[in-house]
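Take a look at these structures.
Here chain A shows up in two complexes: once beside chain B, once beside chain C.
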Partner chain A sequence: MATVRLEHIYKKFGDVIAVNDLSLEIRDEEFLVLVGPSGCGKTTALRMVAGLEEQTSGDIFIGDRLVNDVPPKDRDIAMVFQNYALYPHMDVTDNLSFGLKLWHVVRDEIKRRIEDAARMLGIDRLLQRKPRELSGGQRQRVALGRAIVREPKVFLMDEPLSNLDAKLRVQTRADLLKLHQRVKTTTIYVTHDQVEAMTMGDRIAVMRDGLLQQLDTPEGLYASPANLFVAGFIGSPPMNFFRGTVRQVDGQTMVDTGSVRVPLPPRVAGGAARAALGREVVYGIRPEDIEAQNGTGGWPVRANIEVVEYLGNEVQVHANVQGVTFVARLSPRAGARVGEDLPLSLHTERAHVFDAKTEDAISG
Partner chain B sequence: MAEVERSVSDVARTTAVARARAQLSPRERIGRLLENEAVFGYLMVAPAILYILILVGYPFAIALWFTVSDATVSQPIGPFTGLTNLKFVLDDEVFKRALANTFVFTISSQLIQMVFGTMLAFLLLRHFRGRRLIRAIVMLPFTVPVAVGAIAWQWMLNPTYSVVNWVGAQLGFFPMLGGPNWLGEEQYAMISIIVVNVWRNLPFTAIVLTAGISSIPQEILEAASLDGAGWLTRWRKIMAPIIAPIIYIALLFSLVFTFTDMTVVWLLTKGSPVNSTHVIASYAFVTGVISGGLGRGAAMSLFLFPVLLVGALMLLRNLKARTLD
Partner chain C sequence: MAAITIPRATHGRAFRLRRLRGNILFALALLPFVVFALFPVYWMFITTFKQVNDLYNLQDNPLTFNLAPTLEQVTYLFQQTNYATWAVNTVEVGAVVVAITLFVCIPAAYVLARMRFPGSTSLGIGIFLTYLVPPTLLFLPLSQIMVGLGLINTKWALAVVYPTFTIPFCTWLLMGFFKSIPREITEAARVDGCSRFGALFRVVLPVSVPGLLTIVIFAFTLVMQEYVYGLTFVSASDQKLITLGVVTDLIRGDIFYWGSLMAGALIVAIPVAFVYNLFMDTFVRGITGGSLK
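What follows is the complex of A and B.
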């Protein structure tokens, strides 16, 4: 078991800065998710931890050991690749035992570990098969098995579920979590899927263009995104944003979009609110923080419904309030009908405000 | 149901075609015929089949006949003599030497080519400055006409002007002017032949191996590194088995080719000194064409045919098993 610590890691490919001053500490037994849009440097970061790529500068520690110059095989890590990277000419047993044999693990122990892993992953009937005789989901399990039997200090996983169909992905996600609860190996998990990140991570590191945007628990990321990017990235459908100016209206500090005025949330109060006066901001409110009016508070608006998407347990409506459009998740019983007006209430106490220029969250 | 419908429509179509054909001009009829996949397909492979029949099958049949007849250049259709030619060949000391040489030549060339080819392939796959230049240089022996290359080698190995000996002497391996006579002494001549043959075929081997190695997904090799495999283990346990089918084809091709090749021997020594460096192909050429004993020459040429055939079939079967499983 081990921590992993990255200190001021840079990685340049020619002119491209793939990873830019990344500092990150992954705790012992933690399941840390590295998430961000395509090309933001997740894989590169993971490969540097693995030793498959050498950082341009910065230090990487695994446990207390500085591993900058330690070759991949001596870092005591196991990696699950996006395309599985199974050895095509070996059957499943050989795929699993390859690494163990190289480390001269005794035969009985190899057998025990393979049996354990195979049972845990439900691949015990596939042990004699070659990778090409397996389905995508089965291959994925074998790839996981190959990592598990090694009993490494750290698991590194690069989008291991991305090649699975939606249903299998959800199931394997749960299996992976169960597995982690059992073996408790420190894990760095890369994905570009925010749902995967939210459901799996003890903590989540959000990256963009090689830069770490925020490192927090799923709850923390959702409740207080550090900037506009994180706010828009986490949550589905994404947070609604309106541009506006902070103004004093009738003794209350409001964000004024020109046609609509909404009050600042309590997190932007006192000094921060005063400092924000007159500034250009982006006001953000999540679709789930908008309800049909039912007399239980919230900021009332009258919205015209433009689109209704019926999802069974909820409807997602595109609503328009005097030219400002946003998405809301409503109860199917809210009675939203296309073209009609509907009184909505915005839970502005859960809204977010960002500086329009720096895109950082404003709070006080 | 669908079956029935299809066959009904088939019948409808064929009768329609038959009716249409009756009214077609000859030119249109040929056009229609070419539309037919079976006709067009056979037409397309016809040149290849003709090629095999005329340029491979016919000479082969003639050679077979020569083997069991007393054919000479002056009298190609000689009388049937059964296994006399073969018996003569088996009693010929030079032939026996040539037979041994053929195996030594082929097997050592192949071995050296494989070892150096692999090393060269890894060198070519590395990223370094001037890689393109090195690649071009490596390909050079392949692009130089072999006769020109052989002449250059003859000069380099010449007893008086030998560059090789001069370099060797400078490095202190042999005394000045006292180095080996590369093409004039039996052992050295054989070594020279093998070296030049390797020089000529190395690019092919290296390129085939390079192609094979670079077709292996990088992640598989990375996974092996993380599993604890050093480069030798990666090569032996991962890369070599994965590219084995490619190596097999190349090896098969190269073996059969080298077994029947006389180019380098002919260009360097013509079998000298005292017929000690002949391979079967060159000795068969001398016997059959230069000395005019077509029957004996053919017997020599075909001597290894059964062995090569069995070898080729075995390799092909192995290859099939590998690609299928």
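What follows is the complex of A and C.
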């Protein structure tokens, strides 16, 4: 069990800055998810913690130990690679016991750990097989098993579910969480899938172009995204954005897109609202914060329905209010029909406002 | 729930006939190539066991035994020449050359395949280019070196010289092989507790068995067939390797000891052919399969 601390980590590949001043502390027993679009430096960051890549500058601590110059084998970590990287010439048992034998773990103990892990992962019938005789899902489990039996201080996982089909991915996701609840090993988990990040992470670090955007719990990221990027990245379908100017209209501070006016949310009140007056902003509201009008409040608008996507438990509609289009998640009973007008209410008290230039959230 | 029965696939007579005809056509198409490839071997074989009178009688059919087969040529080879010594020399020199080649090539190829350092690519190409320098350019300077080392006119001169062309070629070959092994496998080993070199020995080499075998066979075959350096550096009969010994000691002036020449060639060719077929087939097939994805 250990904490992992990254302090001002930079990594350059020639001219490319893959990781830019990353500071991050992963707590003991925490499941931290590193998420971001392709190429944002997640894998690079993880590989530096593993010691497979040397940082250009900055310090990495595992526990209280500075590991900058410690080779991977002495960092007491286990890594699950995106493409599994099983040893092709060894059967499953040998794949699992490889690391343990190197550390001279006694034979009975190796046997116990392999049996435990195999049972937990449901691979106990596959122990004699070679990797090429396994399906993708089974290989993935063996790769996990190889990490588990090591009983390391830290698990590092690089998109371990990305090669699985949708159903197996959901199941393995749950299995991984159960595993973490049981062994409680500090884990850094890399993914580019925000759903995976939201469902699995104790905390989530969102990265973009090598820069850490926000580090927070899933609830925190969803409720108060720090900037436009995080707001658009977390949530599916993504938050609706429209540009406007902050104005005083009839004694109320509003965002005016030119054709539509909506009130500022309460989180942007008082001083912040006054400071925002006259500024260009991006107004964001999530599809789930828009409802069909039912008399229970919200900001009323009349929308023309352009597209209706029926999903069974809900419909996603593309609505147009005087030239401003957005997506809303409505009840199938809301009666949305293509081409018709529908009264909607926006829960503007849950809306977000971002500075159009800096893209940072405005709140006060 | 009703059981679902899947009808067993059965092939009709027409299908079987068609398949049979396909197989026969395939065999017929192959036949000329088989004859072409095997004729020299057959010729070696039949010449080895012919009596001298049979061999030199122009009236006889050259493709069959006209007189009873004999072992006399083989006996001559072993009793009147140093053939057995040459064979032993070949094995000794071959083993040393293979050992030197592996010892140098494995680390060199691994570093060139895996490490990123300035000039690593051009270094790899440079190594290969040295292989292309023709031996005829090199044997004069090399013979000076052999005199200096005191190895001239011994088989060990060859054990030192042959690696100069096995190493570049094999390093190049092995480099390609190592590159085809996913980097993550070595990284997994390093995370699991290996040093860089530990990962090489415990993971990369076992996975590279086909590549290593190719090198061993290449180096050994080269030792068996090389002629120019052998001729230049070695003249004592008991220091020669097979290829040189057979040709120089069984052609005396304009007299060719055809039977013994062919016997000498056949005896070494058989084990080599055997090894090629056995190893290549079993080891090349899918040893790396299934490690990824």
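Worth a mention:
The rule is simple: the second predicted complex is superposed on the first by the 364 of 364 C-alpha atoms of A that agree within 3 Å, B and C clash if a C-alpha of one lies under 4 Å from a C-alpha of the other, contacts with A are read in each partner's own complex, and residues count from 1 in each chain.
Note that a residue touches a chain if its C-beta (ideal position, glycine included) is under 8 Å from a C-beta of that chain, and two chains touch if they have at least 3 such contacts.
Here the structure is a predicted model, which is why all the values come from computation and not from measurement.
Once the two complexes are overlaid through chain A, chain B and chain C clash, as defined at the top of the document.
By the touch criterion stated above, A:265 is placed in contact with neither chain B nor chain C. In the superposition on chain A, A:287 contacts neither chain B nor chain C. A count of residues in chain A touched by chain B and by chain C gives the higher number to C.
Of the two partner chains placed around the shared chain by superposition, neither chain B nor chain C is touched by A:210. Once chain A of one complex is fitted onto chain A of the other, the partner contacts of A:163 are limited to chain C, with no touch recorded for chain B.
By the touch criterion stated above, A:136 is placed in contact with chain C alone, chain B being left untouched. Overlay on chain A, chain B versus chain C, candidates 25-33, 61-69 or 169-177: the clashing stretch is 61-69. Residues 50, 52, 71-73, 77-79, 81, 83, 85-89, 98-99, 102-103, 130, 146, 150 of chain A lie at the contact with chain B in one complex and at the contact with chain C in the other.
Of all the residues in chain C, the ones that touch chain A in their complex are 182, 184-185, 187-195, 198, 202-203, 206-207, 286-293. Residue ranges on chain A touching chain C, taken from their complex, read 50-52, 71-73, 75, 77-79, 81-89, 98-99, 102-103, 130-134, 136, 139, 146, 150, 163.
Interface residues of chain A, counted against chain B in their complex, comprise 50, 52, 71-73, 77-79, 81, 83, 85-89, 98-99, 102-103, 130, 146, 150. Chain B makes touch with chain A in their complex at residues 217, 219-220, 222-230, 233, 237-238, 241-242, 244, 325.
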